[in-house]
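Pasting a structure below so you can have a look.
Per-chain numbering from 1; labels A, B, C, D and E assigned in written order.
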Amino acid sequence: MSINAAPTSSPVLTATGLRKTYGHVKALRGASLEVRAGEVLAIVGDNGAGKSTFISCICGAVTPDEGEVRIDGTALEPGSIASAMDAGLAAVYQDLAVAPHLSVVENIFLSTELKKPGLLGRLGMLDRRAMRQKSEELMHGLGIDLPNLDRPVEQLSGGQRQVVAVARAVSRASRVVVLDEPTAALGAKQSKIVLDTIEATRQRGIAVLLISHDLPRVLEIADRIVVMRLGAVATEVDPRGTTVSDVVALMLGETSLNDERRAS
Amino acid sequence: MSINAAPTSSPVLTATGLRKTYGHVKALRGASLEVRAGEVLAIVGDNGAGKSTFISCICGAVTPDEGEVRIDGTALEPGSIASAMDAGLAAVYQDLAVAPHLSVVENIFLSTELKKPGLLGRLGMLDRRAMRQKSEELMHGLGIDLPNLDRPVEQLSGGQRQVVAVARAVSRASRVVVLDEPTAALGAKQSKIVLDTIEATRQRGIAVLLISHDLPRVLEIADRIVVMRLGAVATEVDPRGTTVSDVVALMLGETSLNDERRAS
Amino acid sequence: MTTTAPAKNQTRHPAVSAATFTGISTTWYVVAAVVTLIIAFTIAGPEARFVSLTNLQAIGRNSAGLMLLGVGLAFVLGAGHIDLSVAANLVLSSVVSAKTVLAVSGGSAAAAAGEYANGGLAIAAGLAAGIVTGCLVGMFNGLLVTRLRINSFVVTLGTMGIATGLAQVVTGGANVPYLPPVLQSAIGMRAVLGVPVPLLIAVLVGLVGAAVLAWTAFGRHTLAVGSSASGARRAGVRVELTTTGVFVISGLMAGIAGFLDITRFGTTAIAGHETSMLAALSAVIIGGTSLFGGRASISGAMVATFIPTVLLAGFVMVGVGSFYQNIAIGLVLITAVWIDGIRRGQLAPR
Amino acid sequence: MTTTAPAKNQTRHPAVSAATFTGISTTWYVVAAVVTLIIAFTIAGPEARFVSLTNLQAIGRNSAGLMLLGVGLAFVLGAGHIDLSVAANLVLSSVVSAKTVLAVSGGSAAAAAGEYANGGLAIAAGLAAGIVTGCLVGMFNGLLVTRLRINSFVVTLGTMGIATGLAQVVTGGANVPYLPPVLQSAIGMRAVLGVPVPLLIAVLVGLVGAAVLAWTAFGRHTLAVGSSASGARRAGVRVELTTTGVFVISGLMAGIAGFLDITRFGTTAIAGHETSMLAALSAVIIGGTSLFGGRASISGAMVATFIPTVLLAGFVMVGVGSFYQNIAIGLVLITAVWIDGIRRGQLAPR
Amino acid sequence: SCSTQTTNEPGAAAADGGSNDGPLEISLLTTYNGLPFYTAMQCGAQDAAAELGGEISLSNDGPSRGMNAADQLPVLESVVSSGPDGLIFVPADPQAMLAPVKSAIDAGLPVVTTDATLAEEVALAQFHGDNLAGGALAAEEMLRLVGDATGKILVLDNRPGLPITNERAEGFIAGMEGAEGLEILETQYYEDDPNQAATIVQSSLQANPDIVGIFTTSEAGATGAANGLQGLAAEDVAVIAYDAGPVLVRALRDGTIDALVAQGSYKQGYDAMTRLVQHLRGEDVSGEPFDNVVDNVLVTPENMDDPEVAKFLYPESCS
């Protein structure tokens, strides 16, 4: 995996001044970033730093109290997942956001179902066969070997589920893909598949936003790294020439498990 | 962290020939292991190898179809958590097994509540103050800084929750502590705390059973490593002189995401 | 879609999702249970009269309303919600429908004198009025659940009172009398090829419902929302729309059932149907729909609605006192769900 | 316990868990709601008679049974289950209690002639019979839920039918007549210091229940099971025991309420109480107990049981027509839960 | 309950004049099993059967709850399917039960209605109390009890949409019309729940302390009303209730209730059984009237021990 020079094109996604307060906890206090096409931007930070909240606001899964997200220069409707999806964004959430009772195929095409051609399709009839076949092709293309795509996702092991969520996101994204700790539950082989997938996605000119605690891998794959602390982006580092302990030092302000950043 | 020589004492915990089938899936097909006091035994394996099922059978959370678990030579009642807890075992499960609505203190003392002294206690009255104080001491002792132990666990971030589960397990265990991916969601600082805690626990003469995908750390901390493949223990390795890629090679049989090890 | 390498089709299993599969198999189990009951009552009852055409027709007629409610509830439960207001909605819809029929067929003064106009039009208007009323109540439920984000149990418990009260206000507390007899002769008491028309309607509507659940995006989204609302939302499902949709469907079914009710009785039954909601809920659950969402079987619910009707008819015929009927129906409910659970392996060892 | 370094006590917040805290604050909110209703009806009604002692006593007496059911349901809901059988259990317990009272006080023939013996003993025996019956039904529920692992909705729906049927079988469908008048004079219609004895009993029992929930391991385990049964189990909680326990408590409450019922009326009310289950459930939910387990407030439930009684009494007094009462009660239920949700921030932006 | 033979062409037996003394299966189908009112009816039917002789078996059917068409209809259809020789039927609703009864009659089942009537004269005969008249009887007594007092009257009815009890209220209100100085409050419904009835009575008395009389249309309402009055220690309110089951009779004796409207349900059952069996056995009943009104009787503490009145009180069970 080569460390690319940061692309010079204009940013695909910009997030500006996102704020979010839960009761007394200021989870985000004015976080901003931008990603360019074909760039892997990693977000690192201690537990509770606000990483998941940040990307949830970007994806429209959480409505920020303040701030703006733009894709290709157009502002997204805050808190609207549809708006982000329509703009070409797809995500893997930390808790995966799958429907456990539905099968692998059904989850991959959830909300982007294929309709039968012709009248039946216009009546809303699904094309199950096409979806099944495309899912197989997708899995095959990624090198993932799940034997039965019709098993409900709840019967898969944690790692298998995470792979399904990654496959869904990369197959959907046309501009930005957001990955919140996509390898947390994965073994060596599956982690490799996911990292290869990220690389392939970047090659397709898609912007990648990656959250991970696995710093060695982050340093290996990311073009840029932003460090979050206490709900805001503390600093940005260039992975070239940076070591894991450098990053750890940046991540650790004081008492970082302390999330009592009380409102005013 | 020093690599100890494997202790020579007789095993604290032995699991023999555990089998478990879910419908068509043979999750475990005769897995065995033993751990000695003061020893850290790591279990590694690909996703879906059966690691979580294995330790769930050991802890009594899952009833194995066959096989036996002994602590200090006494067989545990299969599928009885009480039996394992009484024998001095405590565990962190992959999904943490906390009660999300209860506070940190309430979760730490769940099922081991302290009663008031005297008549009130005999009437079942809880000693909330004592539990709160002991929890604070515990957290302080482990170096964990959670500001408000009365917040419901569901309001904590994933990493904070995992730390609570680890604190509960190490405070309870008197003979064996079982940790299923205790650092999966943790950042650098929290991971360090957990690893230090494992080391301290081992020093107290408690047997530690650790599942982790973080092979560098496993090699660093474990006394022995067992590699699981397809529901059974494939081999055992000595971490001394072994590299990560050696272990990965051992972990990977073919098609390991393929869990369709159909019953006969 | 990213589709690399057109890999050879390696389908090793038929393209039927596990959810559908369980659904179907529970349906067959329920069919077997109903058939067993029918055989038992035929043997135990006098002269095999249980399987006489008139008796089976009566059972069919009596199941039609429950079946419609069950179809609606299967959607609602599948989406992880509950609708306690179905029976009250049925009553309200029947009342509005009856008033409309009277108005269209010439007003109640003429009706009292036995004069009726516009038979066919009156029927159509009555059906439309029932459907609109039912859907409005359903929409009200759906909007409260999605916009105000109140738990559906609470919302529909409230709507249950509201609909009951409205039905009483509309009628002044007395059943609507003097409905045109054509309602009963053309629909409620009619049979086509031996099949009672109300049952026919319920089955047809139910089959459409089953198709919607199994074969359309809406149906799939319904189960996704029931399986994990937050997951479905973040996967792009418009959860609010889907949720409102299932409540409207439930209301629609109650509306049709309300109209069928007046075609059966030739009047309204504003004091009746107090047990219908729980009976329909039981049927839906026996039929294999999960109370917790994510799994629903319309066909199972449809077949299971025969269970209370068959039991009641059978006990009367066999001569089991009516007090024992409550006990027996309770035991059958528990036993059926228990056996189904064992069969599906859900109650199997942890 | 591992306790290293006796760190200085760094408590920054009072040692009240968030769960308890929400419980208490919802209780105060419900108190405010009830008081507001009382003030409104006092102003709207004639000559402030709503707050007359007799009226408040009447409201208190009429709330006692519902309050007991609510206390039981708060445990069951807190543990993540539901008990639909409480009202049927109440009726069965009242019937068994009444029959026992009659038997102990000299048999029904003597009673018909107006002769009664063993007043005090009869009362004690009646109470005991009611409690035993209630607990047995609750235990039955608990065992089916835990041993057969059937969903509690299904189990208690079944038990509801079984208990209703048994009550009818025991009585032959007619209310038990000729109960000794001492029941009413000594308990049902008596007031101590102005407080009706049934209310006094309900409040005392409820306070014990609140103490059990808040201060004992059983109470804590109840909420843990409701919060996550599988989590609690693996943390060492004996989930089966706790679950059976909550159903027994619910049955116990229904048993006491059944006994109080006969002391109120001097007879049974086997056809009454059809709305009691839903009324008690509403009260518990309004009172701040989660339908999904993990959070329960006994005090909130106790206060909230006054809402339906106050509303009915107030509407009658103010002269709201009875058809509109159903509507109004439905609207109040929805509004109360909605406002409480906003207040707790649960319905706040995602 | 297996019957062996059914020979019941409508009117055929009567036309033949041939007698049929074989065993008969009669079903008594009510709206609400176990109510004392229906127990009395059943006693009447049983006694008639015993006097008529021959093997007549009587089965009691009916929903275990409801009093409404939706609950009764499935039971009716099952009873018809089970093929009894004759049916004594209490229709829950005159309109709703008409079509199904008609088709049963068309299929050859002789039906006699009791207590309530059907919207059309399709049955063999009907025996019923007049609920409107019963209400009026209560009104008459109410006027006597309150004397020249002025004030308000509260009517407690069971549930909206139950024609049987709704008519009693209607008859009562009509009977009170034009009474000097008495105002009838809006009817309140207690849903068969004495607790609700008690609350309503108490609140109504708070709002209208000048209530002088209460009329309730069934037992649960009377139980609740008596209790509500007891709670208020309001002695001077006249309470009249419909029906005369043991609970109500005891209350009358205790003085918590002032009068009862007892229906002749024993006689209804007796006469209905007689007419049905006569028809089935081919006796000529064509001369008998179709509509038979069985008068209600007003029971007061003064006349309740009079044997002529006492036989109208409903027993706990048939002797």
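Operating definition for what follows: a residue touches a chain if its C-beta (ideal position, glycine included) is under 8 Å from a C-beta of that chain, and two chains touch if they have at least 3 such contacts.
If you want to know which protein each chain is, UniProt gives these names: A, B = Sugar ABC transporter ATP-binding protein; C, D = ABC transporter permease.
Everything numeric here is computed off the predicted structure, so don't read it as measured data.
Novice: In contact with subunit D (ABC transporter permease) and with subunit E at once: which chains are those? Just list them.
Specialist: Chains touching both subunit D (ABC transporter permease) and subunit E: C.
Novice: Work out the mean Cα position per chain and let me know which chain is farthest from subunit D (ABC transporter permease).
Specialist: Taking each chain's C-alpha mean as its centre, the farthest from subunit D (ABC transporter permease) is A.
Novice: Calculate how many whole Å lie between the centre of subunit B and the centre of subunit C (ABC transporter permease), each centre taken as the average of the chain's C-alpha atoms.
Specialist: 48
Novice: Find the geometric centre of each of subunit C (ABC transporter permease) and subunit E from their Cα atoms only, then give the gap between the two centres in Å, rounded to an integer.
Specialist: 34
Novice: Compute the distance, rounded to whole Å, between the mean C-alpha positions of subunit A and subunit B.
Specialist: 29
Novice: By residue number and range, which residues of subunit B touch two or more other chains?
Specialist: In subunit B, residues 61, 147-148, 155 touch at least two other chains, as defined above.
Novice: Could you say which residues in subunit E touch two or more other chains, in rising order?
Specialist: Residue numbers touching two or more other chains: 33-34, 64-65, 160, 187, 189.
Novice: Where in subunit C (ABC transporter permease) do residues touch two or more of the other chains?
Specialist: 168, 173, 274, 321-323, 325-326
Novice: What residues on subunit C (ABC transporter permease) touch subunit A, complex-wise?
Specialist: It comes out as residues 1-7, 9-13, 15-19, 212, 215-218, 220-221, 223-224, 226-228, 230-238, 293-295.
Novice: Per the contact definition, I'd like the list of subunit B residues that touch subunit A in the complex.
Specialist: 22, 25, 45-49, 52, 94, 144-148, 155-160, 163, 181, 184-191, 213, 215, 244, 248, 251-252, 255-260
Novice: Spell out the residues on subunit D (ABC transporter permease) that touch subunit C (ABC transporter permease) in their complex, using ranges where they run on.
Specialist: Going through subunit D (ABC transporter permease), the ones touching subunit C (ABC transporter permease) are 84, 144, 148-151, 153-155, 157-162, 164-166, 168-169, 172-173, 274, 278, 281-282, 285, 291, 322-331, 333-334, 337-338, 341, 346-347.
Novice: Within their complex, state which residues of subunit E touch subunit D (ABC transporter permease).
Specialist: So the residues of subunit E touching subunit D (ABC transporter permease) come out as 32-36, 39, 64-65, 160, 186-189, 191-196, 198-200, 202-204, 206-209, 219-220, 223-224, 227-228, 230-233, 245-247, 250, 253-254, 316-317.
Novice: Show me the residue ranges of subunit A that touch subunit C (ABC transporter permease) in the complex, using the header's touch definition.
Specialist: 59, 61, 81-82, 85, 91, 93, 95-103, 105-107, 110-113, 115, 123-126, 128-129, 132-134, 136-138, 140-141, 147-148, 150-152, 155, 168, 170-172, 204
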